[in-house]
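Let me begin by presenting the structure, written as structure tokens, before commenting on it.
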Amino acid sequence: MNITQILFFLLSAMAIFSAIMVLVSRNPVHSVLWLIAVFFAISGHYILLNAQFLAIVNLIVYAGAIMVLFLFVIMLMNLNKDTEPKKNIWMKLAGVVSGGCFLMVLISLVRQAADMQGKAAQTGVGDIGLIKNLGKALFSDFVVPFEISSVLFLSAMVGAVVIGKKA
Amino acid sequence: MNAIIFSALMGVVMMFSGILTQNKSVLKYIAATGLLLLIAANLLNAEAVFSIKVNTHGLISFDRFGLYFNTIAFTATLVYVLLSGSDIGKVGSGLYTADFFALIFFVLCGLSILSSFNGLLMLFLGIEILSIPLYILTGADKRNLKSNEASLKYFLMGSFTTGILLMGIALIYGATGSFAIQAPPIVPSTGMVRASFLEVAGLILLFVSMAFKASAAPFHFWTPDVYDGAPSVFTSFMATIVKAAVFIAFIRLFQGQAVVLGPSWKILVSFVILATLLIGNVTAVFQQSVKRMLAYSSIAQAGFMLFALFSGNDLGKEGILLYTAAYSLATIGIFAVLIKMNDYTLEGFNGLAARQPVLAFVTTVCLMSLAGIPLTAGFFAKYYMLASAVKAGGALWLVVIAIVFAAISVYYYFRVIQAMYFREGEAGTAPISSGFKIMLIIVAALIILTGIWPSLVLSGFYF
Amino acid sequence: MQDMSKLVYLVPLFPLLGFLINGLGRKSLSKSLISIVGSGVMLIAFFISIGVFFDVKANGATVVELFPFIHADTIQIPFAFQADQLSAVFLLIITGIGFLIHLYSAAYMHEEDTQHYGRYFAYLNLFVFSMLLLVLGSNYVIMFIGWEGVGLCSYLLIGYWFKNTQYNYAAKKAFVMNRIGDLGFLLAVFWILYKIGTVTYTDVFANVAQLSSFDITAITMLLFVGAMGKSAQIPLYTWLPDAMAGPTPVSALIHAATMVTAGIYMIARSNILYTLAPATQTVVAVVGLATAIFAATIALKQNDIKKVLAYSTVSQLGYMFLGLGVGAYTGAVFHVMTHAFFKALLFLGAGSVIHAMHHEQDIRKMGGLKKALPITHMTFLLGCLAIAGIPPFSGFFSKDEILMAAYNSNPLYYYLGLGGALMTSFYMFRLYAMTFLGSFRGTHEQQHHLHESPSAMTLPLIVLALLSVIGGFVGIPEVFASNAHSLEHFLAPVFAESAKLAHPHHLEASQEYLMMGISTALIIGIIVWAVNRFKKYTDEGQENSGLARVLENKWYIDELYDAVIVKPLHHFSAFLKNVVEKSGIDGLVNGAGKLVGYGSRQLRLLQSGQVGSYILVMVMAMVVFVLIWFNDHTIMNFLKKLF
Amino acid sequence: MIPVLLILIPLITGLVTCFLKETGLARTWAMLSALATLAVAVTGIYFYSPAQLSFDAAWLPALGSRFTLSLDGMGKMLVLLTAISYPVIFLATNRNNYPKASSFYALMLLTQAGLMGVFVATDALVFYFFWELALIPVYFLCSIWGGEKRIATTFKFFIYTFIGSLLMLIGILYMYFQTADHSFAWKAFYSTALSGGQQAFLFWLFFIAFGIKMPVFPLHTWQPDAYEQSPTATTMVLSGIMVKMGLFGVVRWLIPFFPEAVHQAGHIVIILAVIGMLYASFIAIRQDDLKRLIAYSSIAHIGLMCAALFVGNNIGMEGVMVQMFNHGINVIGLWIVADAIEQQLGTRKLSELGGLAQKAPALAILLVVLAFANIALPLTNAFVGEFLMFNGLFRYNIWIAAVACISIILAAVYTLNMVQKIFYGEPSTATANATDVSGNIRLALVLVVLLVIFLGVYPQPVIDLTKDTVQAVLAVKP
Amino acid sequence: MPIQYYIFLCLTLFSIGIIGVLTRRNAIIVFMCVELMLNAVNLLLVAFSKMHHGAAATVDAATTAGIDGQLFVFFIMVVAAAEVSVGLAIIVMMFRNIHSVDINFLNRLKN
């Protein structure tokens, strides 16, 4: 086990544990914080995979901006305590079971996938994840979607204004 | 590319015109003019006279199928705006009319992307550009709890589905290393198709998420609630043009994938068709609210549109165009009338024929078109779907079942006709302008004309 | 009289004209005009018939084709008339007696108001027209037209007094029973058409050889079923007595000149087929004989003057069928003729009595009418003598011919037939004695109004009485004078083919004389006994018991039919209507609709409104989809097995 | 051009009628239109050559469907029936004051256009179109102007027939893909060879559609209700002409295409039809409602026609042709009487009627003639048809024919029952103040009765008219 | 790292997200679970991207294969951000009206 593997497993464990904590936390604020922990773990993975740009963006956009927005809303609504009444236990069970089933069938599918046998993701090497390369690609091959996503933002903006404005 | 650029630009124009004027009819006519421009631009593109050349690096490809669909969708939107445009201003506080129009144009931008995407990235972006404005339009009536609820439901389920879609894309990417829509894999001499399990899983997830957007059972659950809760004007838009776009994308995406999925593809699709027809038609029978009935009926219609996917031949592609045109026109017509009604329940329609003969007549034509009665556009729409399935072969049993459900659909569509014509009542409506009536009559005439001579719509579009 | 046969279509045409004139003009024409038209057309028809008769006699048969009736594919059915010996005889009977009945009706029905009077004559003319079609047609289809036509007219005339529901039932019964027979006839026609390809008599009879013996038996049996219905044989006879509901002249027309003789005519017409089908012949003979005796027993105890006559008709028809069954076609036709004379006479006489008695028909309430109605009495007596078979009255000759032929075929037929003849004389003279002899048993008012009928009514009686007396001389049997049977000679061409196949073995003349003597003696004895017994009849209102009661109630046959056939059928159709249709088939259809409604109410519950459950279903569906993909081959195989 | 005119005249006049506000005007206009159609039909049929009786124009080139119309013998006969019936129907229902008369007459004329189209179409898709065009106006006619339970009843009728038509559509589609050059033309269907399995499958798809329309047992339950609830004019069209669409369909669009299946499944159909005849006759015996009685009697008659269609011999088929025409005439006559009674007395319960013969002798006589036509008495028109049909059936199977023949007895029972209960006996409270029919109704009835008798005595015109169709249809042997 | 590890990890995270959506009633937390699902996808995409890059790099060291996967992640983030802004606006609007973010209260529309 080299350091990469150790880091991988560590980060994975952290991600999964934090993800589960997001679910089980009664307090929404805790959930948000656990989710941020998940994002950090994932960013760690990105770094392991030599995708530094995404790692940073993930931290800034997700863990930073988006989660702060969440926190902000939760605070705004004063939901920072355990307000969620108990959900029907059967519904919960059904949710867990079907989610579990989903995982099971997908994993069994992937395990049988012959073309994934023996393949590995590069860790620590390869420079496609560097901002220089990504930027080049973004503004050459992917310039159309990049521009188009502005429409998305525009409509999100309009929407947020329309919906968010009082009255 | 014209359509995408112009629709986005028109969205911006609408936003700004909202600053310049609050006059709703002016806004309506600006939008209508914009749509005319859009149609013209798209037609120019389709006729290869003028198009803005952009190097999309293969991410988008414009073909006749997509461009033709754009024309249909834009025309339908134009009809929609002319018919119900003035009702858009009445939604919510009435302050955001320009923004609603802008959002509609952004939806059209998403629609143009969906009709011409050439890779999963553009599909994803297109769907999101289509969906996000819709979440907002659904919740546009902010004081109305039903509208709020519909919006939140739509949003939660929609974003969940986005997750599913993305997982599907990721798995496909893992298997193929690209986001392009796959050409059919080479069939080895043994006749067996060796598809990567990962790709299969991805396709299934993709199928599920597209089925969700197309409101095919068992992923349809959002449809009745959202259509019911959303302001009726926007329901009209969502149930017609948006839905049509999703179907076009669906077919674009899955043509050729049938081979990858192997024999189970037909099983899957026929299962979905059956479930959709069953739930859509049978549940609609019970509904007392015409609006909610139309929501279920749109599910049922989706069941029929899925035949194009099932058969996967050119007849199906031609048919889906006609279907979207016929279905959109009829549904827009009905909704335009529905919006004017004081009471959305069946009782509310009682005796409409005596009080508003034009409204009743046009509604009847529209309902008949939806039911697929000959001499209306809806007949040829259904006809093409069934024909494509028969041509594809091996699905006669499915076609027969579809026929039975079509008969059930007559039941609930005709209940409205019965209410209007055969029952006594005081159907109350908002004041009706004569322009509105003329527009309605044009819609009815279009439906009947297409029903008698469908080549009008399909001319120049045969594969 | 040359070429008179060519004009044979005029014979039915005139009654048809009469029907149209009287039918359409029943409101505008006066009564006398109506009766003149009604009777006049008959008279003209009668004259033409005479012409035709002599033409046929001189020049043989002629076929007159009017227009193609049905020409479809290989079927060629022309609307054509055939004037030959058989039809000529019937023409004379029908138009002649028909005319007399029309004449009689003119007076008898005079109380009716003009409109109904016109209707009556129209029906009467139509009746004659139908009968003429029946006997004149040159093929079975035209015969069938007449065949059904007389059924229709009997329906109309029996139900002439339509206000009376009972009468309507009788009319309906007559029609339906006739239809049962018609069904047999129709099937026979189909059979002939199928096997021979034509229904024209001459072609059919010429090609009998194409038929297997099974075919012939089947065809003749089916035809006989038709005859049973029309000529009121067991088991389809019950309509005829009920048909008394119509006006009395109508009964005379039905019983004497038209309708009931159709069966005889048809079998005589198809004689060659019957001769080739011995099995059917036996059936015909047995059914005829049974009917003759059975009806006679019923007649013994009837008290309605017309009912007695009606059962006597049934009985006499039985004799005719006996004659047909034993191959004595001429005898049967002969009996038709004489029977037409005396039965018309008797009915018209009865009508005269009823007329005088103000529509009283119960003979228990009559008696001693001899003085009040001298002409009626005299003619009626002659009629009774004729039907009883006293020589030299007409009935003797014809009945004797049939019985002799029956003896030749099977002596048992003869003995039973003789028994029937004895009963005939008994009930006829019981009727005669109770009506005309003894003392009057009716009300004083009736007695006060008793009077002889007008001459329009008595004239036909006299003519018919004359015919009844002398009518038998056209068929003097071989034993009395050789070659004196002019009717047989005349009809010989019609029965020629059958005659070739028959193996007649004549009785010794002495034996024949002996049998005639004994039977005549017995009949006279019975007559004397009956007259003596019933001329002192007093109406004490006593109830009959035992066999007499059974006879009075006609062996309870009507009740039996009602219980065995009519009621079950009614229950069956009620069951179909109320259970099978409503709850069964329609229930299924409506049930499908209800099922959809129920499904709708259940399916809507899926739409719980909870986002969580919606997504749950989605996730489960995804799992199922993946599983489907894993097992696609299993599923495909399953589906293939299913479809 | 004639076939086009036959469709266009009622279609255009019908559309025009929508805009005539005045009742009397609409009525006259409709009558004129019907007469014009009749004139065109008669001229076309008797004075034009076959070439002039067909029409061909491009319609949906991509679908392989052309707007082709042509008139053969059976088509001529049914066109004639339709053309004759309409003036009679308008005449007889002239006095029924339908509210919104202009819409009423417009829809009636549209129905006529549809019917005409069905009878002249030689392209399957065109045929299907007209098939439905004939149905939709009827739906509105019945639902708006019908009786008390009209909405539910008509709805059932509509959905019932709609399912049938859709099944036929699938059949048509399937056939379309089997044809060599992907065409809907009758000729293309005709010359397409199909395997036995395909034939059997298609046979039932088509037959159910036609069988519902006829209707044949056990698909008949919409019919008595629909006849009972519809306005009489529509009932006349429904029973007089529309049911012929089913029979027509079988002859034109079924028998020539699937000879093998007809040979095999025909047996089942014949047995079903014969069961239906007896079944309907038995039910008719117990009917108290005049309209329902006529309806069930009609089912019985149609049953015979349906059976005779499948016997596969000329005689039976020719009988059907004759009977199609005659049944149309007769049943319209019966409905006129039923309507006259109901309009005047306000009831059609047999148990409440009686004694009408005294009050309305003319009506009584006319009905009696029609009643006897209904039981196929010789010299009425129905006899010829039934004679030929039973004959055909007899050639097919003696036992089936014998059983089927029982219906002629049952027909006598229920028809005479009807006549007796309406007309005979003493007048009831309902009929005490009745008056005789007069004016238009009388004229219409007299016309019908004259036709009944004329065609009963001289049926040859109808036989000659349809001879070619019968021969052509039966030329196909499995 | 063997790609299977990444797949398992991401599917697990994804499923946890699904389970969260199914079991929680707080709309915000449900939404957060959706974000978790998106992140699982992101990680998977990056892993695949590196896998394909690695495979291609053995042939051509200068290849940019796999870069599209990472760009896709970028776009997902863009969309997610837009979605969040709209979604939270909707939730806030909802909260304003019914003073709750419990999705079980969303049951006016049913049947």
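For clarity, chains are labelled A, B, C, D and E in written order, and residue numbers in each chain start from 1.
Rule of thumb we're sticking to: a residue touches a chain if its C-beta (ideal position, glycine included) is under 8 Å from a C-beta of that chain, and two chains touch if they have at least 3 such contacts.
It should be emphasised that the depicted structure is a prediction, and the values quoted were computed from it without experimental measurement.
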{"item": "Set of chains adjacent to chain B and to chain E", "value": "A, C"}
{"item": "Mutual neighbours - chains that touch chain D and chain E alike", "value": "B, C"}
{"item": "Pair sharing more residue contacts (C-beta pairs) when B-D is set against A-E", "value": "A-E"}
{"item": "Maximum centroid distance from chain C, chain identifier (CA atoms)", "value": "A"}
{"item": "Chain nearest the overall C-alpha centroid of the shown protein atoms", "value": "D"}
{"item": "Euclidean distance of C-alpha centroids - chain A vs chain C, Å", "value": "102"}
{"item": "Between chain B and chain A, distance of the C-alpha-averaged centres to the nearest whole Å", "value": "32"}
{"item": "Whole-Å gap separating chain C and chain E, where each centre is the average of the chain's CA atoms", "value": "97"}
{"item": "Rounded Å distance between chain B and chain C, as computed from the means of their C-alpha atoms", "value": "77"}
{"item": "Numbers and ranges of chain B residues touching at least 2 other chains", "value": "121, 125, 128, 132, 135-136, 139, 142, 151, 153, 156, 160, 174, 200-201, 224-225, 286, 411"}
{"item": "Residues of chain C engaged with two or more neighbouring chains", "value": "593, 604, 607, 609, 611-612, 615-616, 619, 622, 626"}
{"item": "Sites on chain E at which at least two other chains make contact", "value": "3, 7, 14, 17-18, 21-23, 25, 30-31, 48-49, 51, 55, 65-66, 68, 71, 75, 79, 82-83, 86, 90-91, 93, 103-104, 106, 108-111"}
{"item": "All chain pairs that touch each other", "value": "A-B, A-C, A-E, B-C, B-D, B-E, C-D, C-E"}
{"item": "Touching residues on chain E, where the partner in the complex is chain A", "value": "1-9, 11-26, 28-29, 31-33, 35-36, 39, 42-43, 46-51, 53-55, 57, 64-68, 70-71, 73-75, 77-86, 88-93, 95-96, 101-102, 104"}
{"item": "Chain A residues within the chain C interface of the complex", "value": "87, 91, 94-95, 98-99, 101-102, 105-106, 109"}
{"item": "Contact set on chain B toward chain C in their complex", "value": "153, 156-157, 160-161, 164, 200-201, 204-205, 207-208, 212, 218-219, 221-222, 224-225, 261-264, 267-268, 271, 278-279, 282-287, 397, 408, 411"}
{"item": "Chain A residues touching chain B - in the complex, by the definition given at the top", "value": "106, 109-110, 112-116, 140-142, 144-145, 148-149, 151-152, 154-156, 158-159, 161-163, 167"}
{"item": "Residue numbers on chain C that touch chain E, as the complex places them", "value": "604-605, 607-612, 615-616, 619"}
